[in-house]
Amino acid sequence: MALKVDYVAREVGSNLRRNVTLTLASVITVFVSLALVGVAFLTRTGVQNATQRWQGGVEFIVFMQPAASEDQISAVQEALDESPQVDSVDFIDQQEAYEEFTDLFADSPEMIQSVTPEILPPSFRVEPTDKDVDVIRALGSEFESKPGVKQVVFAAEAIRTLQDFSRLLSLGLFSGALVLLGAAVLLILNAIRMAMFARRREIEVMKLVGATNWFIRVPFMVEGLVQGLVGALLAIPAVIGIINFIESKLTDTETINLFQGFAVHSSEQFGVAILLLVVGCLVGVIGSFVAVTRFLDV
Amino acid sequence: MALKVDYVAREVGSNLRRNVTLTLASVITVFVSLALVGVAFLTRTGVQNATQRWQGGVEFIVFMQPAASEDQISAVQEALDESPQVDSVDFIDQQEAYEEFTDLFADSPEMIQSVTPEILPPSFRVEPTDKDVDVIRALGSEFESKPGVKQVVFAAEAIRTLQDFSRLLSLGLFSGALVLLGAAVLLILNAIRMAMFARRREIEVMKLVGATNWFIRVPFMVEGLVQGLVGALLAIPAVIGIINFIESKLTDTETINLFQGFAVHSSEQFGVAILLLVVGCLVGVIGSFVAVTRFLDV
Amino acid sequence: MIKLENVTKIYKNDVVALREANADIQKGEFVFLVGPSGSGKSTFIRLLNHEEQPDRGRIFVAGKDIGKLSHWKVPYLRRNIGCVFQDFKLLPNKTVAQNVAFALEVIGRPKHVVRTQVPAILELVGLAHKAKNMPNELSGGEQQRVSIARAFVNRPLILLADEPTGNLDPSTSVGIMRLLDRINRTGTTVVMCTHDAGIVDTMRRRVIELDHGTIVRDQDRGVYG
Amino acid sequence: MIKLENVTKIYKNDVVALREANADIQKGEFVFLVGPSGSGKSTFIRLLNHEEQPDRGRIFVAGKDIGKLSHWKVPYLRRNIGCVFQDFKLLPNKTVAQNVAFALEVIGRPKHVVRTQVPAILELVGLAHKAKNMPNELSGGEQQRVSIARAFVNRPLILLADEPTGNLDPSTSVGIMRLLDRINRTGTTVVMCTHDAGIVDTMRRRVIELDHGTIVRDQDRGVYG
C-alpha cells in the first residue's frame, strides 16, 4: 500500500489547483445545493418556533353551572389540580366573568345592563401539559360529566386552524428540505462523476504504471472531501445570512405580526451547519469513491 | 460558413450517443433543477388559489344605533349601494341580529333571556370590491360619521392574520421558486461548462483543422438545446405528478381543511411547463454557446 | 509561398524555440526540416499554422502576413494548409472515415464529394478496412496514416507534415513518401519534419536544419546530416 | 521470464491482432519486435502488461500465468514491468519530474530515494532542464524521453518499449539505445518494438517478426528484414 500522507496531500493540492474548472464546478454545485437545503431546513425551524406560541394557546375552559355549589366547584378544582396532565388552572369566578363581559361589550352598554354577574357561569381555564389536540379532547371530556359542570369548551377554531396551518407549513418545508437534500446529493454526485469522466485517461495511465486501486482512489476521495467541505463551508455563512435576512424582514414588517416570533436559535443554526458539513463531506468522499471505481476497471 | 442541417443533426446525434456520461449528467442536472423550480412555482400557485377565499372574507360591518330611524338606515343603505367600491351589502335587521345572538348563545339561556331584539343594533355587512386592508379601512371610516351609525367594525383579526399568512406564504414560495430558478440556471450552466471542459481537446482539434467558430459552436449549441429540452420534458411530468400528489394529500386530510381549496388549474400547470421548457432550452443553448467560446480561443 | 522574416518564438521559461529564423519557401517546393529533438521543428510548423504566434518577426503565408490576420480569418488560412500533427490530433469521438470527412465538411464540400473522396484517400493510405473504427482502436501507425489522410484529403495549397513516418515501418514509409512526392508534383508546397535520414538522403530535396532554435543549414538537394 | 503459449488476441470486428503466438524469452534477453504497421507489436506488449487479455492461450511472466492473476494483483505485476508506451501516456497534470516520480511513489519508495533518482534519470535522458515543465510544453521527442525515464526509473525486471525512438533524431536514438543496452546488461529483460532498421541491424539481437498477427520469424542475432 504505502500510502503516504504527504503524497496524498501533495497530490490533492496540485489536482485542486490544476483542474480549476472542475474544482470550481464541483464546489459551486455543492455550495448551491447545500445552501438551498440549509435555508429550507432553517426556515422550517423558524416557522416552527414562530408558531410555537400558538401551541401554548391551546386550552380548554370548563364552564360550571352559574348555580353550581361551592362543593362542586372545589371538587372540580381539586380534580384539575391533581391531574398530572394539567399544567396550570385559572379559576374565573362570576365577578371576573362579568368584568370580562363588560370589557368585551364595552361598546354596548345595553348588553351590559342586561347582564348581571349571577347569570354568568364561573369557569376554569385549563392549560394542559400535552398540547396534542386529541389528548386535550380526552382530558376535557373527563370533566364534562362531573357534577356542576355545564360545558367544556375547547380552544377556538381559529386557534386550531392556525395550529394546523403551522404544522402543515412546517411539514411542507421539511419535505421540501428533504427533497432538496436528495436533489443536492444527486447533483453533487453527478458533478463528481462528470469531473472524473474528464480525468478518466489520467486514472487509466495511473493504473498502467502499476498504481493500486487505493493508491489512485485515496487522493481523489480526499479531493472530493475537500470540495465537499469547501462547498459546505461556503454554504453555511450563506444560509445563516439568508436566514437572518428573512428573520429581520419578518420581524420588521408591521402588518404581519404572525411571524414576529420567527427566530432560529444559534443551536439550531449550528445543527444545520453540522448537517451540511456532514452531507458535503460524505457525498464528496463516497461520490469520488464510486466515480473513480467506475474508471478503475482498465 | 456552409453549415448544413444534416451535418449538424448527424454531429449532435452522434455526440449525444457517444458522450453518454456527459449527456446523462447534463440531462439529470436540468431535470432535477427544473423539477424543483416547477414544484415551487406550482405550490405557490396552489396556495394562492387555496387562500383566495379568505380574501373574500374581508369585510366590515356598519353597526347602526339600535334606535336609528328608518331614514338614517336607508340613507346609509343608499350610500353603500352607490359606492363603486362596495361589492355587496347584506342588511341584518334587529330581528336577524337577535336570531344570530340566540344561535351564538344557545347554551346560555340566561343570556338570551336578558336580551331583546330591540336592544341589538341592526347592521350592514359590506364586502368591498378592493380587498386591500388600507382601502377597506378608508372606505369603512367614511361611514363612521354618518348619522345613526354607531360603529364600524372591521373583519376579525383572525381573518386578517390568515390573509397575511397566505400572502406571506405565497411570497415565500415565490421567492423560493425564484431562488431555485437562479440555482437551477447556475447548476445547468455549471454542468455544461464541465461537459465542455471534458471535450476541450476535441474543440481544439476542430479549430486546428480549419473549422470556423460557428461551425464548431452550432452543433454544441443544438446539443445543449436537446439536453435542456429533454431535461425539461422529463421535469414537466415529474412536477405535475408531484403537484397532484400534494393536492390529493392536502384535500384528503380531514383535520386540515385550510388547504382544501388547494388546486392548480391546468392553465397554470401549462404556464409553468412552458416556463420550464423555455428556461431549459435557453440555458442549454446559451450555456453551450458561452462554454464553447471559452475553449475556442486556441 | 511561405516566408519567415527574423522570426523568434520564446515559450515561457525563456525557452527560445526559434531564434531569428529566416526562410523563403517557394510554391511547389519540398522542404525537409531536420534537427535534434527539441530543436524547434514542430514550433516552426505550429507558427505557419497560426497555432502559435511569433514573439518577434513576420510570417507570410500565400503572400499574407498572418500576424495581421484577424481572428475570424484564421480558419480560412488553415483550410489552405493540410497538417499532419506529430501527435495525430484525431477526434476521439469520430470514426476514421468521419475524421477524414470532417476536413471536407469544414470547408463545406457537398456530401457526394465527401462520399467519394474519403474512401479513396483511405484506400491510398491503406486503411480502407478500418474506416469504421474509432481512433483508439487503431495501432500507432494506423492513427498516423489517418492524420495524413485528413491532411491530404482537401488538396491543400500547403502541406505541413510533422514526422509523418515516425510510427511507420520502412515499407509503409516509402509508400507515404511516394504519396507526398506525388502531391508535391501537383504543385502543393510540402514542409516535412523528419528524423529519418534514409528518407532525406534518398529524396535529395531542400533541407533546413535547426539546432536549438537556430537555422544552421539551408541546403538545396541536401542530405540528413 | 516471458512465455507465450498459443496466444490469440482478437479485437472486436474480428481483427486478429495476434494469432497462435508462441515465444519464450529468457531472463536477461534483448528482443526486437518488428513488423509492418498494424501487425500486432503493440498488442504483444499490451498482453504482457495485462492491459489486454488474450482470447486464447496462456501467458507467463516471471513464472506466473497472468491470465490467472486476481484483479488486485495486477498492479504488482506492472511494478515489475517498465513500459514505454507508443503514445507516451504521460500524466497531463504532473510536471516531468512528477511524472517520473510517480512510478517510484506507486511502489512506495521513500522520499529521499525519489529525490535522488528522479533528477539522475532525467539527466540520463537529457531532460534535466525540463524537469519542471508540463508534458504539453514538451516536444514530441522530449515527451518520449520522459516516458522512457519513467519506465526505467524503478529498475524493473522487464522493460517493454513500444517504439521508444520513433520521435527521436538518430543521435538521441543512439543514446537511448546505449541506455537500453546498459540496462539489459544489468539483467533486465528488454522487449522493444521498432521500425528502425538501422538500430536492429547494428545491435544484432534476437528479432521476432510479426506479420498480420502471426510470428513469421524468430531469429537470434537477427536483422530488421
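Each chain gets a letter, A, B, C and D, in the order it is written, and its residues are counted from 1.
As a working rule, a contact is a pair of C-beta atoms (placed from the backbone, for glycine too) under 8 Å apart; a residue touches a chain by one contact, two chains touch by 3 or more.
Everything numeric here is computed off the predicted structure, so don't read it as measured data.
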Co-neighbours of chain D and chain A - touch as defined: none
Two chains joined by the most C-beta pairs in contact, as defined above: A-B
Far-end chain from chain A, centres as C-alpha averages: C
Mean-CA-position distance for chain B and chain A (Å): 23
Between chain C and chain D, centroid-to-centroid distance (C-alpha), Å: 28
Mean-CA-position distance for chain D and chain B (Å): 67
Residue numbers of chain D (touch at least two other chains): none
Contacts with two or more other chains, residues of chain B listed in rising order: none
Touching chain combinations (by label order): A-B, A-D, B-C, C-D
Footprint of chain B on chain C - complex, ascending: 49, 51, 72, 74-79, 81, 83, 85, 89-94, 98, 102-103, 105-108, 111, 150
Chain A - residues contacting chain D, complex: 1-2, 4, 6-7, 14-15, 18-19, 201-202, 205-213, 215, 298
Residues on chain B engaged by chain A in the complex (per definition of touch): 21-22, 25, 28-29, 32-33, 35-36, 39, 43, 66, 107-108, 110-111, 114-115, 119-121, 133, 150-151, 158, 161-162, 164-165, 167-169, 172, 176, 179-180, 183, 186-187, 190-191, 193-195, 197-198, 250, 255-256, 258-259
Chain D-touching residues of chain C, taken from the complex the two chains share: 11-13, 34-38, 41-42, 86-87, 132-133, 137-142, 144-145, 162-163, 166-173, 195, 197-198, 224-225
